[in-house]
Every structure is written in structure tokens, then in C-alpha cells.
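Below is one structure, written out as C-alpha cells; comments come after it.
We call the chains A, B, C, D, E and F, going by the order they appear; numbering starts again at 1 in every chain.
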Amino acid sequence: MPIVTVTRRLRFNAAHRLHNPALSDEENAAVFGKCNNPNWHGHNYILEVAVEGPVDERTGYVIDLSKLKSIVQHEVIDRVDHRNLNIDVEFMRGVNPTAENIVVACWRVLERHVAPGRLRRLRLWETDNNYVEYEGA
Amino acid sequence: MPIVTVTRRLRFNAAHRLHNPALSDEENAAVFGKCNNPNWHGHNYILEVAVEGPVDERTGYVIDLSKLKSIVQHEVIDRVDHRNLNIDVEFMRGVNPTAENIVVACWRVLERHVAPGRLRRLRLWETDNNYVEYEGA
Amino acid sequence: MPIVTVTRRLRFNAAHRLHNPALSDEENAAVFGKCNNPNWHGHNYILEVAVEGPVDERTGYVIDLSKLKSIVQHEVIDRVDHRNLNIDVEFMRGVNPTAENIVVACWRVLERHVAPGRLRRLRLWETDNNYVEYEGA
Amino acid sequence: MPIVTVTRRLRFNAAHRLHNPALSDEENAAVFGKCNNPNWHGHNYILEVAVEGPVDERTGYVIDLSKLKSIVQHEVIDRVDHRNLNIDVEFMRGVNPTAENIVVACWRVLERHVAPGRLRRLRLWETDNNYVEYEGA
Amino acid sequence: MPIVTVTRRLRFNAAHRLHNPALSDEENAAVFGKCNNPNWHGHNYILEVAVEGPVDERTGYVIDLSKLKSIVQHEVIDRVDHRNLNIDVEFMRGVNPTAENIVVACWRVLERHVAPGRLRRLRLWETDNNYVEYEGA
Amino acid sequence: MPIVTVTRRLRFNAAHRLHNPALSDEENAAVFGKCNNPNWHGHNYILEVAVEGPVDERTGYVIDLSKLKSIVQHEVIDRVDHRNLNIDVEFMRGVNPTAENIVVACWRVLERHVAPGRLRRLRLWETDNNYVEYEGA
């Protein structure tokens, strides 16, 4: 069977602040600039979840996209949407919520839920002009 | 001279929370739902500023778009970008930061800065799926 | 109170065929070209619903966008999404489903459901390159 | 019959330079900045042509969009696409090609070609962040 | 010579229905949900065709994009645009038209037409929120 | 540490003309068609710069995106924006400015500036419908 990758995009709106508690306030301000604002800022994030696998002969699907949507909605979106990524999200506890760290944390949450497909790539858009990609390495 | 409308889009990323202090916590939760999250959430806002006027014969411009950009950057974007709309923004003091209230507040800040053009319309996108428009009425 | 227009975008995927039963097959083919294909074709439609009204002092809303979404979802989207616009949709019965006719039919369905707001404009995108607008005239 | 507005988007890629020959080189540089570069620059323009009229009972169309596309293609796009707006375009002769002046020139070319519809609005995108609109005033 | 990948996006609008004739009606409804609607639904598909190869020293091209466009237009788009993917398309005969199956079928049609370039990747967008990718494996 | 790829998109507007001086005028016209127009044409280019590396434990960054933006702005955008790619750009001297040749030239300029990250991929959009990608091969 051919190996195809299917991708579903989902959105969430969240507040965050870049801050490393191991650094002084001055260091945090120097490293993170306006992203260190103590009163937070926020984004409309877009998460693209790419799952790879053989096309099932019976369904013509790699994975049913409505099931994939439900999985990501339940495991990630419901936990981060309209939340504060520094405070409200169990799976981000103690993590500085840069786009890089968010995408790796999402991978760890999602990777065991897409079998028999395989998580191929997560892409997280933080703004229209920047995004990060993680492939599990 | 022909009357033309020119529009510049600018972006800002901000945290906010919908909350009316005149209501009880229960009422706020009922009215604003997840937008009332006490730890904030946030958005990538897009503000479209539309200025109308005759086309200047010498320049071919209604208003120099690089000047319009500087005006909006200075008067609005620098005050709201990477900020908390409930806490950090002087011109939003005491205002519940719904998209409707933000766009009206931006109008009041901008309207006197675009002469001899005339502010025709502000459009504020809060997400890819919703936006508000104000024309000064 | 300021008068603001709020817009919500919703999507539906539908099949249709342009065909006027009052015309002969040859006339239908001549008038509608490939859009007359007897086996149908389809689109990802985007419907933008714009509601105008004063900003409510208590909520800061013209209309709660999550309520507006529910209304449009229930009155329009649930009836047209993953359907055939010529066959499956009660409120399009006997109507040739051009974008113009769809948008007028949606207006008639929606206009009485957005009080105390007022339906200001419907915009229907049929493809990325064409859309129609109706303002109730 | 209901009055509907239909819009078709078309694209063209062109070179231009902002320059008023009635001004000195120094004045041109001061007024137009980098847009005055003597060796030109260019854009992917998007032109949105909006035509208003009653919905024809026989066709369900205000105007057949494939006819509207052909008209705009023939009257405008074929004359400006992959051209230099200062040199190559008859209907821009002697006009400083600001977005404002281009949109007004396009209006004059197109307005007599969309009968029995009526040209309602032209919108010209010069970049993703700025556009101009003309309604014939 | 450097190896570069060039991609051309083309669009088609088609009707389809997900249905496996080897399953009962109940099974089809359970597996495919609303996508199994017997009266069809449809999409605005976007097909991205990526061709890889060395940059030709004489032309600076991997492949002339206007030639690539003509190839894809002739081999794929003209056969699927404004058609029913279950009924009208020879190269989809007997194939359940999931996005996965469409993209693999397009690969088989296109792969021998892009020499001396090499087909690197096809990406098919079914909606703004989901797409599939095939790389020939 | 996880290996993540971060991408920043930047834009520039430039004029160009496809022309190989080793060919006759007739050959150039035959090979490049309307892209060979002697008076130039132009585009809104989008350059996506993807940098790969381990996530720094102190910052949570692969590379600070505001630094990456400054690097690309200084090394590429300031040299090509509002310029003529055939005439004005030192690093394109003697190069026929096809999208393929531009993206390879940008790679050579940028690759030594993103250490300790590694340039993973450049993607250059010439229009909404075509882009090229280079990964350094």
C-alpha cells in the first residue's frame, strides 16, 4: 500500500510569557525582550498534525481525519485554548513556552495516540510570519 | 480629484480577558465563557486602517502609506503589541477589551491623526474567523 | 452607544449544478458551461455573516459571536454542509444554486434570527477568486 | 429582483517606479523614498472587480463571472501583466503609477464594459498589507 | 549544478462521495459519516506539484513552470475540474475518492510527464484545514 | 536536546527580467516568453528561512527569531527590496534571476550567518501559485 501523510490543522488562542526562572529579571528582559512582558501577551496558534502510514484498503484513509481531529482536540486543544501556557497547562508545567518548547511538548502528548499511524511532523505557527517544526528527533 | 480609500494592515499580539467588574464572578463566567479565564488568553490581532480622501495631484497619494504606517505604529501598535489589554494600555483603561470596544478605542486614538485624509473604516481581526468594523457612527 | 459591525465566517462543503429546468439541455449547456455538468461538481464555500448594532454596555458585544455561530450553524450550515444544494436543501427548493441565489436564500433564513442586531451583509466565497455580497436590497 | 454584488479577483505582476516628472530628482527621492528607485521595483497586484445589479431570473447571475473574467483579462490584465506600468501601458500614459492612480485608471477602462451590471467597487492589493478602493466618486 | 525543487499550485472544483461498494450501506454510513451522503458533496481542491532537479544553466530553470502548468492542466485538471470524482474521471475508476487515494492516482498520472525533472511531492488540499502528501513511496 | 526547525518569513518587492545574454533575442523571447519583457516586470517575493538546531536549554530557542530576522533583513532584504534584481544586487551579479537562481544565491549569502544553527531550507514564493525550495544540495 502507498505511504501517505495526512495533516490536520487546529487552532488555539492562548496567553504566554517567555521567562526562565533560573535567570535574573535583567537577564530575562535582555534575552526575551518584549516577549518577557510580566503581564503576558498572546497568540492565535495554529497546530498542524501530520500522521504518516499506509492507506487502508477498506477505508482509503491513513487515519480518519475526524478521529484525528477529536484526538488532538481532546489531548491538546482543550487543554491550551483560551488558557495561559505558563500557568494553566499541566503538560507545560515548568517549561518556558517558546514555540520550540510548545511543539516538543505537544509531540510527547500526541505521539502515542495516533497508532497505527505514525506521527510524522508537528508544525506550530505562532504568527503569520514564524513557525516551528518538530519531527521527533 | 477622485476620492479613493487606502488601507494599511498592521498586526499586534496581545493578552486579554473579557470581564465586567460590575458583574459577579458567576455572571462573568456565564456571559463570557472561556474568554473570562482569569489567567488570560491572547490573540494575533490584525488592524486595518482605511483612510479616504482625494488623490493628491503632486504625489498620486491619498496619504503616504509609510506615514500612515508610522502614525498607527506610534499611536496604537507600540502601545498594545506584546501587552495585556486589560492592564497595560492607557487608552483602554476601564474598558472591557472585546473586539468591539478595542476597535472603537482605536478609532478615538487615530481619527485626529490622519488629516487631511478622513478615517473611513477600522477593521479588527481577532481570529481568522471573526472581525469587527467601525465607521465612526 | 457606538454602532459596530461584527462578522463571523463559517464554512461548508457542498455539491451543486447550475441548471434552469425552464431551458433546454442545449441552452443550459450554453449558459452554464462546465457548471452544468450533469454529475455535479462542488465547492468549499465560506459564508461571512455581518451583524450590525450598538455595543451593549454590559457585555461589550453587539452580539455574542458564539451565539451568532450557533445560529448560523443551526439555520444554515447544518442544512447545507456535505449536501447537494440542488437536491438536499429545503430552503433552496426550486432555486438554481448560483452564488447569487444561495446568498439571497441564506439572507431570508438568517435575517429574523439576529435580533436585536441587524443583518448588515452576507458575503459568500465560492472559490478563492470569486465571491458575492448581499445587503438585503 | 434582489440586488447582489459579484466580485472577481485577478492577478498581474508588473514593474513600476513612483516618479513625478514635474519634481526635481531630490524632491522625487524625498517624496517617494525607495519607491523612486530609478531601476524600478515590482509587485504581484490583485485586482478585485465588483459588479452590482439585479439577479437575472433566467440565469441566476448578476453577470456571468466567466464573461466578467474575460472582460477584465482583455481590457486590463493583458495590458499590464508582465509589463512596466510607467512605460508599457497605453491607459497609464503620463500617470504616476501609485496604487491610487492605477485603480482610478482601471475604473475608467472597465466601467463601460460591465453593462447591464454597474461597476460598484475596484479594490487593488499592492502587497498583502496595503490596498486601495475606488467606487467611482 | 544545485538541486532545487519547484512547486506549482493548481485548483479544481469537484463533487465526490466516500463509499466502498464492498461494504453495506450501514457500514459505509458508519465509516464515512456525512462524507457518505448519497447525493454527493464537493470541494475546492488545491494540488501542489513539486518537481526536483538540477538548475539548467541555459535557462536557470529546473523545469519551465508554464510547461509544468500545461502538463498538470492537461493530464489532471481538465479531467477532474467541475466533474464528479466517483463517476466522470477515467483515472479514478473504481477508486474511493478519499484525499489519500486521489493524490496517489494523480502521482501515477503525472510521474512520467515531468522528465528530466523528478516528481518529488504532491500535496492535495481538500479544505483549508486538511491536506495530504505523497512522495511516491 | 530535541532538534527543531524554526522558520521566519520575510518579504521583498523587486523588479526583474529573465534573460540569458548568451542567447539571441529571439531565443530569449522563445525560452522566457513574457518574463523576458525588456522593460521588466516584478513580484512581491516571500522568503522563508528555516534554521535547524537543538533547543537551547537556557532560552528555549533554536535561534532568537528577532536575531534571525535582523540577519536576513541585513544580508538579503535590504539588498533586494525595491530593487532591480538584474541591475542593483551585488550578490546576483551575472545571474539570470529565475526563482531557482535567486534562492540558491540567497543560500550562499545566508548559510554562514546562522551558526550555531544550520540552514535547513529556503523557500521562495514568487507568486501565490509557485515557489521554489533549496536545501543546500
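In this text, contacts are C-beta pairs under 8 Å (C-beta built on N, C-alpha and C of every residue); 3 or more make two chains touch, one makes a residue touch a chain.
Just so it is clear, the model here is predicted, and its values are computed rather than measured.
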Partner chains that chain D and chain F have in common: none
Inter-copy rotation, chain D to chain E, in degrees (Cα atoms; steps of 5): 180
Most distant chain from chain E by Cα centroid: B
C-E or C-D, whichever has more C-beta pairs in contact: C-E
Chain located farthest away, centre of chain F as origin (C-alpha): C
Proportion of interface numbers common to chain E and chain F (over half same, under half different): different
Chain centre separation in whole Å, for chain F relative to chain C (CA means): 41
Computed distance of Cα centres, chain B from chain A, in Å: 28
In chain F, residues with contacts to at least two other chains: 128
Touching pairs - complete list by chain label: A-B, A-E, A-F, B-C, B-D, C-D, C-E, D-F, E-F
Interfacial residue positions of chain A with respect to chain E in the complex: 2-10, 50, 55, 58-62, 64-66
Chain E residues touching chain C - in the complex, by the definition given at the top: 11, 13-16, 34-35, 37, 39-44, 81-84, 87-88, 127-128
In the complex with chain F, residue positions of chain A that touch it: 18, 20, 22-23, 31-33, 95-101, 103-104, 128-134, 137
